[in-house]
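I've put the structures underneath this note.
Below are two complexes that have chain A in common, paired first with chain B and then with chain C.
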Partner chain A sequence: MNLHQAEFNLSPELTRLFSVFVLLGVAVMLVGLGMAPERVWPSLLLVSYFVLGMGLAAVVFIALQYVTNGAWGVAIRRVPEAMTVFILAGALGLAVVFLAHRSLYSWTAAAHDAGNTAAWFKRFWLTWPFFLARAVVYLLVWIAFARAIARNSQLQDRDGDVAYTHRNARLSALFLVVFGITLWLASYDWLMSLEPEWFSTIFGMYSFSGLFASGIAAIIIFAVALQKLGPLEGILREDHLHDLGKLLFAFSTFWAYIWFCQYMLIWYTDIPEETGYFVKRMQGTWRPLFLLNFMLNWTVPFLALLPRATKRTPSLLVKVAVIVLLGRWLDLYLIILPPFMGHKPSFGAWEFGLMLGAIGASALLFFRALRRAAPVPMRDPWLSDSLHHHQ
Partner chain B sequence: MAEAYPVLHEPWLVGSKSPAQVTEDVCSTMERKPTAVWWIGLAVSLFFLGVGVVAVTYQIATGIGTWGLNNTVGWAFDITNFVFWIGIGHAGTLISAILFLFRQRWRTSVNRSAEAMTIFAVICAGIFPVIHMGRPWLAFWMFPYPNYRGPLWINFRSPLVWDAFAISTYFTISLVFWYLGLIPDLATVRDRTQSGWRRKLAGVLCLGWNSSYRTWQRYETVYMLLAGLATPLVVSVHTIVSWDFATAVIPGWHTTIFPPYFVAGAIFSGMAMVLTLMLVARKAMGLEDFITQRHVGAMCKIVLATSGIVALAYATEFFTAFYSGNPYEQFAFWNRAFGPMGWGYWIMVSCNIVIPQLLWSRRVRSSFVAVFVIAILVNVGMWFERFVIIVTSLHRDFLPSNWMSYTPTIIELATLAGSFGLFFTCFLLFCRFVPVIAIAEVKGILRHDQRHEAPRAHTLAGHAPAPATALRGSAEEVHP
Partner chain C sequence: MSRRLLLGVFGKEQDILGVTSAARKSGYKIVDVYAPYAVHGLDHAMGLGPSRLPRVCFALGLFGAAVKVWFEFWTTAQDWPINVGGKPWNSLPAFVPVTFEVMVLFAGLSTVFAFFYVSGLWPGKKAAIVDPHVTNDQFILVLEQSDAAFDISRVKRLFEAFNVLRIEERLAEEAR
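== the complex of A and B ==
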């Protein structure tokens, strides 16, 4: 292990593999736009939001460490720092969807809610230029915060000045406030308004819960990969994994809690304007997926992560993290696609190709971003605590 | 790098205390004669408790017609008080269970009192639904058991029934958890006391604690399991309380964000109450070395964070009401802020959102007077939050011919005052008879203080310094 090893190069085989994934993804997308646009556009929204969400979760993770003085995660902080590149990647994907295919949002067609005088606010809120302007603001704000926080951390590598830690703590606190508001509104805009007649106040929280759980899962996978590939060898300890495993357990359970609250309250009150959302997702062949979603995102991770050993065994923990990421994909699939697919869900080359492309692109971007700085924040004042972290 | 620590850390405890000194400091407060402040506090609390007892007796004898309720506003003061007190309890379990699982060392100085506060708050809360039944002597009808009334079973689909189960479970676990944590300290009390009833009582209650390695190991295991079991309860109890409202179809009550929003609000108000009590206790009981700037700062940050979550929930509700395009939702929220009871809404917004923002400033966080005032205002605000949700959503019905107003009667006010009397009476008695600081747990974070001397002692004795101990302690504990 060499702390000062600044350059890390992904092996040519892996680079080739991920590049093939990306090429496949792009090819499938281009063919699909001609052959099955009604499936490819929503799928592109899905993978873009998925990738963007992992990047945002990474910033939230870093910010939480700074505001809570959490020393344990410092040694692996370069992992979420590199993951912030996903925000930009996701933003590009979203930009393509918004600019090239606005009819994905049914409300862009004229005269939605025309007869309803009480819908004046919705008509004002869901206007296309305003929608785009908001998207630009959310994305720019996120990118700016992510860059600033990662930059301070990298600058600290040079002189070890504690002022960077303080500065990042302040930035992080501010980010968390801004993030709370923007993610809530962004999830209303980009996901909830796909079905403009439906609304649920918990939706922002729901969107955050899945986003953060999947972000922790991704951090686990990337950290273990870096341990295997070299840069974090001897640095990432069982105790770090144990803590990450606990967080995954906690936020997977948080997701289940929020999911259940939304479902239970809508089921219980049975108000037609709310139940429509779930009716669509529980009819016919959607039902098994609806149940599988809960299994992948909660039942399996909950049971698997209860024993101490799972959280401390890298291979097991990574498997659980992969399940959570699959669950995240399915969760977003169930949020985004039902309005476009009608009675039957379908999963085929289009969905799979885009998923593969997203995986390849994420991996390539991540390992490229990692090279911007040393794999460990060498002069962070908390580093020695983190290296010797014990449960 | 090491010189950075003083900048990043303040110590948890003041002074390098030895374990014996911790025992001395905490136990001596119970062994001294109570101070005048304590007696005055107890007298005032007992007075209000007396007022409450009279009021409750009167309303049970007369019926709940003594309240200001009417056809439209069928839930008001009583349920507000119930939700308020249940909420207060949550911070105790958060500190004792969740922060334990997260290995937050600062909890050790406050967890004992916070857990005691939880128990007293749940007792206060439990009184209100029982009175609300109108015939509290039939309260046992809430429990499902084969009976000769038909048999008449409770409605298992009613959140009110879930409430009864959730709260009784919560109370039981909180009590057991609190008692379990007390056992080693009760043994300390037993060993320190020479004779008399106090020694006998502590001896019985500490279950023959012998401090052996095996006893400690079992104790730690049970403690962790109970912490794991108590954690979902923190969330579930207030979630179910929120379902009392959210499962209705009333605009302003039915909204899906209620569960997490209520839980955050509960921790917000509970943490403010812990701050209020701890700031008084540290002065009155001379515990300044144990409850320090850093504890108060940490709790202030939790108050600030939960205030933010609550603010986001208020904003979400208001925004979504307008986004929904549902005129009834829109009216409910507009009326909440600008209707005849709008003053309540603005008290709530100022106390819960605006004023806590002062805690962003380190200067405010380090002024105990400012924190004390803010903590009290937060609890005023949280009481009003429940009042606003309950009363303003009801008083303007779907039909304008049903519109009514609501004013509490003197009986209702006296009952609320009585619940505060009960709460503070219990808390003051607790301060006298039970170690207010978890002695055994605080000793667990003392390690670093001994470390200053440890290497020297080792060298003198001819041993190599033990690196393991040096690594074990995190930097959190390094003294400047």
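== the complex of A and C ==
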């Protein structure tokens, strides 16, 4: 096995394919802004948050490896490190939405909630300058942590100094705490406040569970792709995939657990302010989607990942990961779109175009970011443990 | 009928792993391998198939969940209908947490008991320790001298290639 491989370049065919995706996405978005802005803006929020979430999940994954002294994932760590570029991409998309179309958030209208004196804190929290300032803080903090952690790991390639590992362990511990609080608040700000009358105190946890499951799914897909394309050939073993598969299984189930917690408590308490959210999403043609969401995010991955063989077979594991990513998209669709679509869900060129654009942009950005460093952290003290990882 | 056994005692993990897979590849019948702790990869070296315990776990978990859903339906909707917060008598969401717990209980306990059963463990069972050293610092590979073709000198040479500490022949009085 040769660790000092030449710089990896994506084949021209794939580059062209993904570039076409991006162009299509941008074209659909520009046309859509003129023809169906009420569907394109929420969709842009959706794909931006989706992409941002995968980048954040990648940092969480790296941070968890550092704080637990987990050696097994070191050989594939450049995959999540490259994925951190998604944070910037997602932040850019969110910035466009916030700066160009703030009326997406109904509470920005002046008359909103004016008569309700009990909601003084909500009115203070949901003021536009404060909202923007918070968004800037969350995004800057995440970007700073992601860059610092990836940079330490890449600097270690030069001299193999173990101090970088210790520094990253401390940074990671701090990041996990800061991330827990900021993601919680950010998901309240950006997603829950789309329906400002509704609230759910578990929403932050719910948002994290889907975010991390989709991040693991993306790591699996990119890692297997790199094994097929060359850079991780002979490095990514069945045992690594087995561990990634177990994580996907665990966090898919965690998502189901949190999803049901939110649903059951609201169903049990039966307060009109809270049930409105589910009533909207379970009526008419929304209902099949509502059930499909649970299938894609939990039932299918759970049953598919139970046997050991699925977790150790790259082609099968990638299929499950794709299902989880589709489920994540549907989950966000059901969180974001219902207030804008009324009684009937619609899916057409606008939603599909933005989805394609996000896929193309993610792939291009990922393979570009990967070239910044060697495909494996060559002088990480745990590398040899990871290369000989056994179940 | 008594069985003629050949014991090889080894002092290192990599030796027991190496000799076990070498013995299996040469076609000797491995009765068992004893080790002071769980040695990673030993099941692979012995040629053991995957454990069947997960199937017991899955089946009994499913059984526990099904029985619990039926029981909750029977208690709250059939035998003694109770109005809780104006909910319908048969309210599946309310059953889910307890169903989950009972499923875990059935799956967990059944796996443990199935493990005790297949490994022949029960209270008061006398421990069959092949040598006290396997509880401390040594590993023992037990081969059965199954037929006339079993050539002891060749087996001894194989053992010696993996730094065997001592070799013993034994008669096992009963089949098990």
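Convention: the second predicted complex is superposed on the first by the 389 of 391 C-alpha atoms of A that agree within 3 Å, B and C clash if a C-alpha of one lies under 4 Å from a C-alpha of the other, contacts with A are read in each partner's own complex, and residues count from 1 in each chain.
In this text, a residue touches a chain if its C-beta (ideal position, glycine included) is under 8 Å from a C-beta of that chain, and two chains touch if they have at least 3 such contacts.
These numbers were taken from a predicted model, which means no experiment stands behind them.
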Query: Mind checking chain B and chain C on superposed chain A, clash or fit?
result: clash
Field: Comparison of chain B and chain C by chain A residues contacted
entry: B
Message: Taking the superposition on A as described, I'd like to know which of chain B and chain C A:Tyr268 touches: first, second, both or neither.
response: both
Task: Identify the partner contact of A:Arg308: answer first if only chain B is touched, second if only chain C is, both if each is, neither if none is.
output: second
- request: Applying the touch criterion given at the start, work out whether A:Ile202 contacts chain B, chain C, both or neither, answering first, second, both or neither.
  value: first
Message: Just to be sure I read the superposition right, which of the two partners does A:Ser384 touch: chain B = first, chain C = second, or both, or neither?
response: first
- request: Kindly classify A:Ser103 by the partners it touches after superposition: chain B alone (first), chain C alone (second), both, or neither?
  value: neither
- request: Show which residues of chain A both chain B and chain C reach, each in its own complex.
  value: 264, 268, 390
Message: So in the complex, the part of chain A that touches chain C is made up of which residues?
response: 260, 263-264, 267-268, 270, 306, 308, 390
Message: Could you list, by residue number, the parts of chain A that touch chain B in their complex?
response: 67, 69, 71, 113, 116-119, 121-122, 125, 160, 162, 165, 173, 176-177, 180-181, 184, 188, 197, 199-205, 246, 257-258, 261-262, 264-266, 268-269, 271, 273, 379, 381-385, 388-391
Contacting residues of chain B [partner chain A, same complex]: 1, 4-5, 7-8, 101, 103, 235, 239, 243, 246-249, 254-260, 301, 308-309, 312-313, 315-317, 320, 322-327, 330, 360, 471-472, 474-476
- line: Contacts from chain C onto chain A in the complex sit at residues 40-41, 50, 54, 58, 85-87, 93-94, 96-97
